[in-house]
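Chains here go by letter, A, B, C, D, E, F, G and H, matching the order in which they are written, and residues are numbered from 1 within each.
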Amino acid sequence: MTDGDRNLNLDLDRRRRLGMVEAVWGADKTVEQILAAAHRFAAAGQPLLVTRVEETKAGAVRQQLPELCYHPQARCLTMGPLPTSPWRRLAILTGGSSDLPVAAEASTALACHGVAAELIADVGVAGLHRLMARLDHLARFPVLIVCAGMEGSLPTVVAGLLPQPVIAVPVSVGYGMGAGGHAACVGMLASCAPGLCVVNIDNGYGAAMAALRILRMAKG
Amino acid sequence: MTDGDRNLNLDLDRRRRLGMVEAVWGADKTVEQILAAAHRFAAAGQPLLVTRVEETKAGAVRQQLPELCYHPQARCLTMGPLPTSPWRRLAILTGGSSDLPVAAEASTALACHGVAAELIADVGVAGLHRLMARLDHLARFPVLIVCAGMEGSLPTVVAGLLPQPVIAVPVSVGYGMGAGGHAACVGMLASCAPGLCVVNIDNGYGAAMAALRILRMAKG
Amino acid sequence: MTDGDRNLNLDLDRRRRLGMVEAVWGADKTVEQILAAAHRFAAAGQPLLVTRVEETKAGAVRQQLPELCYHPQARCLTMGPLPTSPWRRLAILTGGSSDLPVAAEASTALACHGVAAELIADVGVAGLHRLMARLDHLARFPVLIVCAGMEGSLPTVVAGLLPQPVIAVPVSVGYGMGAGGHAACVGMLASCAPGLCVVNIDNGYGAAMAALRILRMAKG
Amino acid sequence: MTDGDRNLNLDLDRRRRLGMVEAVWGADKTVEQILAAAHRFAAAGQPLLVTRVEETKAGAVRQQLPELCYHPQARCLTMGPLPTSPWRRLAILTGGSSDLPVAAEASTALACHGVAAELIADVGVAGLHRLMARLDHLARFPVLIVCAGMEGSLPTVVAGLLPQPVIAVPVSVGYGMGAGGHAACVGMLASCAPGLCVVNIDNGYGAAMAALRILRMAKG
Amino acid sequence: MTDGDRNLNLDLDRRRRLGMVEAVWGADKTVEQILAAAHRFAAAGQPLLVTRVEETKAGAVRQQLPELCYHPQARCLTMGPLPTSPWRRLAILTGGSSDLPVAAEASTALACHGVAAELIADVGVAGLHRLMARLDHLARFPVLIVCAGMEGSLPTVVAGLLPQPVIAVPVSVGYGMGAGGHAACVGMLASCAPGLCVVNIDNGYGAAMAALRILRMAKG
Amino acid sequence: MTDGDRNLNLDLDRRRRLGMVEAVWGADKTVEQILAAAHRFAAAGQPLLVTRVEETKAGAVRQQLPELCYHPQARCLTMGPLPTSPWRRLAILTGGSSDLPVAAEASTALACHGVAAELIADVGVAGLHRLMARLDHLARFPVLIVCAGMEGSLPTVVAGLLPQPVIAVPVSVGYGMGAGGHAACVGMLASCAPGLCVVNIDNGYGAAMAALRILRMAKG
Amino acid sequence: MTDGDRNLNLDLDRRRRLGMVEAVWGADKTVEQILAAAHRFAAAGQPLLVTRVEETKAGAVRQQLPELCYHPQARCLTMGPLPTSPWRRLAILTGGSSDLPVAAEASTALACHGVAAELIADVGVAGLHRLMARLDHLARFPVLIVCAGMEGSLPTVVAGLLPQPVIAVPVSVGYGMGAGGHAACVGMLASCAPGLCVVNIDNGYGAAMAALRILRMAKG
Amino acid sequence: MTDGDRNLNLDLDRRRRLGMVEAVWGADKTVEQILAAAHRFAAAGQPLLVTRVEETKAGAVRQQLPELCYHPQARCLTMGPLPTSPWRRLAILTGGSSDLPVAAEASTALACHGVAAELIADVGVAGLHRLMARLDHLARFPVLIVCAGMEGSLPTVVAGLLPQPVIAVPVSVGYGMGAGGHAACVGMLASCAPGLCVVNIDNGYGAAMAALRILRMAKG
């Protein structure tokens, strides 16, 4: 196979076009591919986010490039200084503690863009009082990212109670019928609550970028 | 095809064995088949319930056998006097008015067995206050049948708030991903609420018989 | 079935809570149910939107309540005066002319809330030049709703080129593998473009309400 | 990610509300998360049930907190003394010996609530005489939990023969078409036996809680 | 489109090769196509079976070719004299009366080949005594064709009790999860009974031909 | 909805870019939409192909625009003179006569581009001798389009015997498991024959355009 | 969990009822469970077949009970002397060498019952000449078991050419669409060849028992 | 199991019939089976391609037969000298670097037949400018193989812009809804671009053989 394109076609232009740090999907990449991407972006003076990197792979990468920072719960590598004083703040809700890695991926991706996320964990609908007690607090955030596995009712209940943009993230927690986040995902799409937005199962990064698009637009 | 069994093998023994009125699934039966079943049970002095009978088919049946009674919302035919003074009372909740035919099928099937059902309609989770305002009232019923389409969150929320047996009935209302009640059904099975029982999509009759088994057992 | 709730439990509070006109899913409702809802909201002095109403059903409703207005392409009934001078404007893109009914449902739902929608039709990716020629024009809108059937690539291409919030609406156009909008929906969820939001297949109303949440939040 | 909720939002109120011991889904939790939950409930003087804990994870937990008890077949950890004299007794049937872990999970969950379970194993329909010989014995139990994999016919046959509440648990035993318990689950939902209740695949805990709701209600 | 093959490529050789009457799948054929096939086989002096012909289409065909005989329950047309004295006899069992059209298609296809079928109807597992009472009678037949819809348990129970070849035919009776015969079909494939053979949903013709292959082979 | 694009965005450039006549998917279009497209292309002096037009809709279109020609078996409308002397010839094979409408759609689409198609019908694998007898004839064509429903084995057998490009078209003939062409489509994708190309179910037009791309390329 | 049935309910009666050696599904059993079953059948003087036993598990079993014999390709354990002179002989065909383990499971199960199987390997349809060259040889066998993965065309082609009973076994070889034997299984069910019988994916044991039922019946 | 065919039925005739090097699917083969095949083809003086061979299995094979060459990215073994001067050149496009193994499998398979492939990597639609900048270069290739995972839009966009044969290869990159290449595959089949050909998920070999058939035919 001759290679018509000696250089990797990394999308060095994404930052200018979309205002987003380049993000690399790390799950199907080798250590070498991640290092190559990091070197390219470092050379271009650009930051980088690598998602879905398991701990051992992250260690192997960081042995070569120690300036990359690993976020273990989020399973992300970041390169370049993260903005220190956030220009905006939103809330990430989770149904249970199994949803935390997805919430952390969203939070890390937002932090790369100067957006702070406050975590409101374990407010699933099986114990509804936990959510009801926080409604006034939640009303203050411009955007709500809501992560839930199992049957995934939480975003529906939230979007029926509060008027902000709600980004629903199905989480691959569960088993049997609807395993792998399938029940949560089709439930969120079929939701009776008006105006719920859905991203793919476990897609914390996607939820963060959707929130970023909204916050940027609101900023004008 | 020689017919080794001249007579239809109707389960004339079900009533003795299970304490249930024989129920015939009417959707795939011809008018002639429904009439034949009715004559057999009438001859045996037994009542009969026929479910899923559309209005025109019901009319054709009743032209031959006017003593059958048609319940249009429930799409059921009943034969024989229904018990007049119910020995027990339960509640049937629905998320929206599209769930009413399924609730009515359950209610009619219960009425055949002397159980009264109180309908608590339109308490879907998109407007949660409607449910919260009725919690004390709901707490008085020994069994709750909860019908919901779309994402089907209602039984999960109910079973997280109340300790009674909750029978969840997914309803084939909705469209797109999860159409035909699929999202509701897998969501109810995958529910994070402990001890939710599920019957098939639109199976109001099945929910009623499950409730009857429970009420009979409690009666001792 | 005794009815514990004489009155329909319509969510008369939704407008206050979410700032949204009450919307009734008309597909599974009878003419009588739609009329009952309309009378209740009229009595409460509130506007109403009924979606998925076929032409003949709409005619039967309007014979009783001529003040309802029918929007044939959107298959919607509206009650109450629509806001005349929009406070905000967004764009709705479609891949082909088969997507127009879904776009029209979104547009009508937005119009009920004082948001104007400009239609950019027939810019599907099979003839990419049609989209590329309009990029500068599209860049001016705060939110983009993108409707597409078949393989549903259009929102992915748009979200890769432009930084605004993009709400992807899969449309049930197509056949064979991926029929009923399935290919478009899973493709939009699996999209490689960062931050795409997805609503259910054909859910023009949901896309409109998601856009409304975003625009309201931006307004502050 | 700032954490708006320093403390885990464990549902310490569930016991009062539903009369159920708090149960934690252990499969997606780390050893640390399980320990944290155990400490919280110990501090509140409440018992705890952790389901789906593999042997090695259980060992790591018990090294820190030896007062937790591990039930290897049920793959459950329990904390706090189990009620010693059961107030009620039910039967758990299995089609084959592969269903035993699911039956054991149900049994352990019931034991936490003072309900004893008698196991009637290996009575699958491929050798029907094994079930028929036990009908009189089975008739004495107030509730029957029936676990079956493969095609999952056993609950249907049982519910056609006996009048008690029957809770059907599909088990993820099988392969090929209908693998993962899918055939058993859809078969139980589609069952021709009247009033069968279904819980999710392998959900022994859910079946136990459904039985508990029924037994509690019957107790009055 | 030029037609390289002026004549329809009917398989006039099938009878010699497989010993089977040619069978035409009528559902997707026009009246003209059925007539053309009939004329070709009549010219070749061969009998013909046309399956899945609705009553009105059959009428239109018979107006042109009255020597074709219509079997309304089986929805089949046959051409040519059926063998009058059967050389073999088997049994066709059905779970309920909704399975009768499929049983009749099998019976008609067998009759074309000189095999008589005795119908044992309504022996579904929800009332197991009906089957148990006929075991001795069933033991006399060389082959059992067993048709069942819903959860489709009947062939599993039969094959666990009797040693003959059992051909399981899932029937498209049912609704919700497992609708269209899906639950019955995957259940029969996943059956715990040893040596069950399965044909496609509603494929009475296929079951008949499978039985014919077995009976012919046994004849030597 | 304001319309930012007064004119329909028809892809008038496709012919220059891809060398293909513009094709309109007629199934989801109204008579008015088809007429509007036809007028636009007529004004541009371009031919047009409209696929999936049922007979009555075609009649309504032709009443307004009689110069459109209707091809009933192919369910297509064509506008503009078809090339009279074909520059190339290929073969279209079908498994059975139910596949003919799909073969005719392919043939009509090819005819619009000056390619002649010879139909080799009814050579399905259930009677393999019909195919084997034509192998020498088939070897002469540069491209083979092979249409098959049911289990869809024909393209696999053909591609194992002959070295030309083989375009497999699954056809929505069949029922039960694999209905709607699903079995044929996944079977063709999973084929053990090397180098089979697959298009969507019933996509005769797509197969024709794939063949056109190949023939054009070969022409140089 | 109290154990109402001290003894495992092994089906010691199966041999008398169905004439089949008891077979235990080994995949979900522990070494202890397999040993317990073996001891029970040894005590009853009955042979035993254990299927789906991986090499290491088989070794652990044989360390305790060396009289069990392991068949590595078939992944089966057998106990008790196998019949030495077969009373009947059939043929097992495979499409490719990946199908051999399934063929070997069928062969081992038949050997336990005194039936010899001749293996005709690698006759898949991608190289059809290999099958055509063996037709006369195949015509001599009373029953044909045909194993195939990928698109699974082989049984269809065989059943179109030969008149014997054909038992089709889909094999879980393949990938992508139709992976896990799904394409083969739905293709065999949807087959256009008349009278094909299908068993579950990889179910070599089931195919053997179906063949045994046929051969026994033919024996009279 | 007696083996009626002492020798493996390798398709030694494929090269003459189809002009293709024999390819063995290595994933389900043991080291011994691969060695046996290699010896057979070596004895026949024919080259061989073995696909889907993981590194360790390849090492074990090469320890016995060092003349086999391993291509690690493509996970292929080749035997026999590859043609040195290619007679034709085509392009393989990938959406991202995760698609490279599939592209490499295609490239290796083509190299075995004297066709050179130029790799155009990382031109996915999320950064469309990368593709647009290469259109003139792409226009020079006779055939385009386009590999893409996630939502798989790239082949649709390419086939809408360029007139050559386009072979779309869905790649099993992605997660959640549409995982395993499902979204890409159904999207490519449902594509709105005219004349796209699809092969199975990850089937680089199949795409190569489809391209070879086209190039051979064009050669005449």
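The rule we apply is simple: contacts are C-beta pairs under 8 Å (C-beta built on N, C-alpha and C of every residue); 3 or more make two chains touch, one makes a residue touch a chain.
Just so you know, these numbers come straight off a predicted model, no measurement behind them.
Peer 1: Among all chains, whose Cα centre is located farthest from the one for subunit F?
Peer 2: Chain centre farthest from subunit F's centre: D.
Peer 1: Using only Cα atoms, superpose subunit C on subunit F and state the rotation angle in degrees, rounded to the nearest 5.
Peer 2: 90
Peer 1: Are the interface residues of subunit B and subunit C largely the same numbers on each copy, more than half shared, or largely different?
Peer 2: Shared-number fraction below one half, so different.
Peer 1: So how far apart, in whole Å, are subunit A and subunit F when each is placed at the average of its C-alpha atoms?
Peer 2: 44
Peer 1: I'd like to verify one number: the distance from the centre of subunit B to the centre of subunit H, where each centre is the average of its C-alpha atoms, in whole angstrom.
Peer 2: It comes to 55 Å between the two C-alpha centres.
Peer 1: From the C-alpha centre of subunit A to that of subunit C, how far is it in Å?
Peer 2: From the centre of subunit A to the centre of subunit C is 27 Å.
Peer 1: Once you find the CA centre of subunit A and the CA centre of subunit H, what distance in Å lies between them?
Peer 2: Measuring from centre to centre gives 34 Å for this pair.
Peer 1: Of all residues in subunit D, which are in touch with two or more distinct other chains?
Peer 2: Subunit D, residues with two or more chain partners: 17, 96, 126-127, 160-161, 176-179, 182, 185, 189-191, 194, 200-201.
Peer 1: Chain pairs in touch?
Peer 2: The set of touching chain pairs is A-B, A-C, A-D, A-H, B-C, B-D, B-E, C-F, C-H, D-E, D-G, E-F, E-G, F-G, F-H, G-H.
Peer 1: Which stretch or stretches of subunit F touch subunit G in the complex?
Peer 2: So the residues of subunit F in touch with subunit G come to 95-96, 124-128, 150-153, 156-157, 159-161, 174, 176-179, 182-194.
Peer 1: Across the complex, what residues on subunit A touch subunit H?
Peer 2: 1-5, 8-11, 13-14, 17, 25, 27-29, 33, 170, 172, 180-182, 185, 200-203
Peer 1: What residues of subunit E sit close enough to touch subunit G in their complex?
Peer 2: Subunit E reaches subunit G through residues 17-20, 23, 142-143, 160-167, 185, 189-191, 194-201, 205-206, 208-214, 216-218, 220.
Peer 1: For the complex, which residues does subunit D have touching subunit G?
Peer 2: That would be residues 91-92, 96-98, 103-104, 107-108, 111, 116-123, 126-127, 129-130, 137, 173, 175-179 of subunit D.
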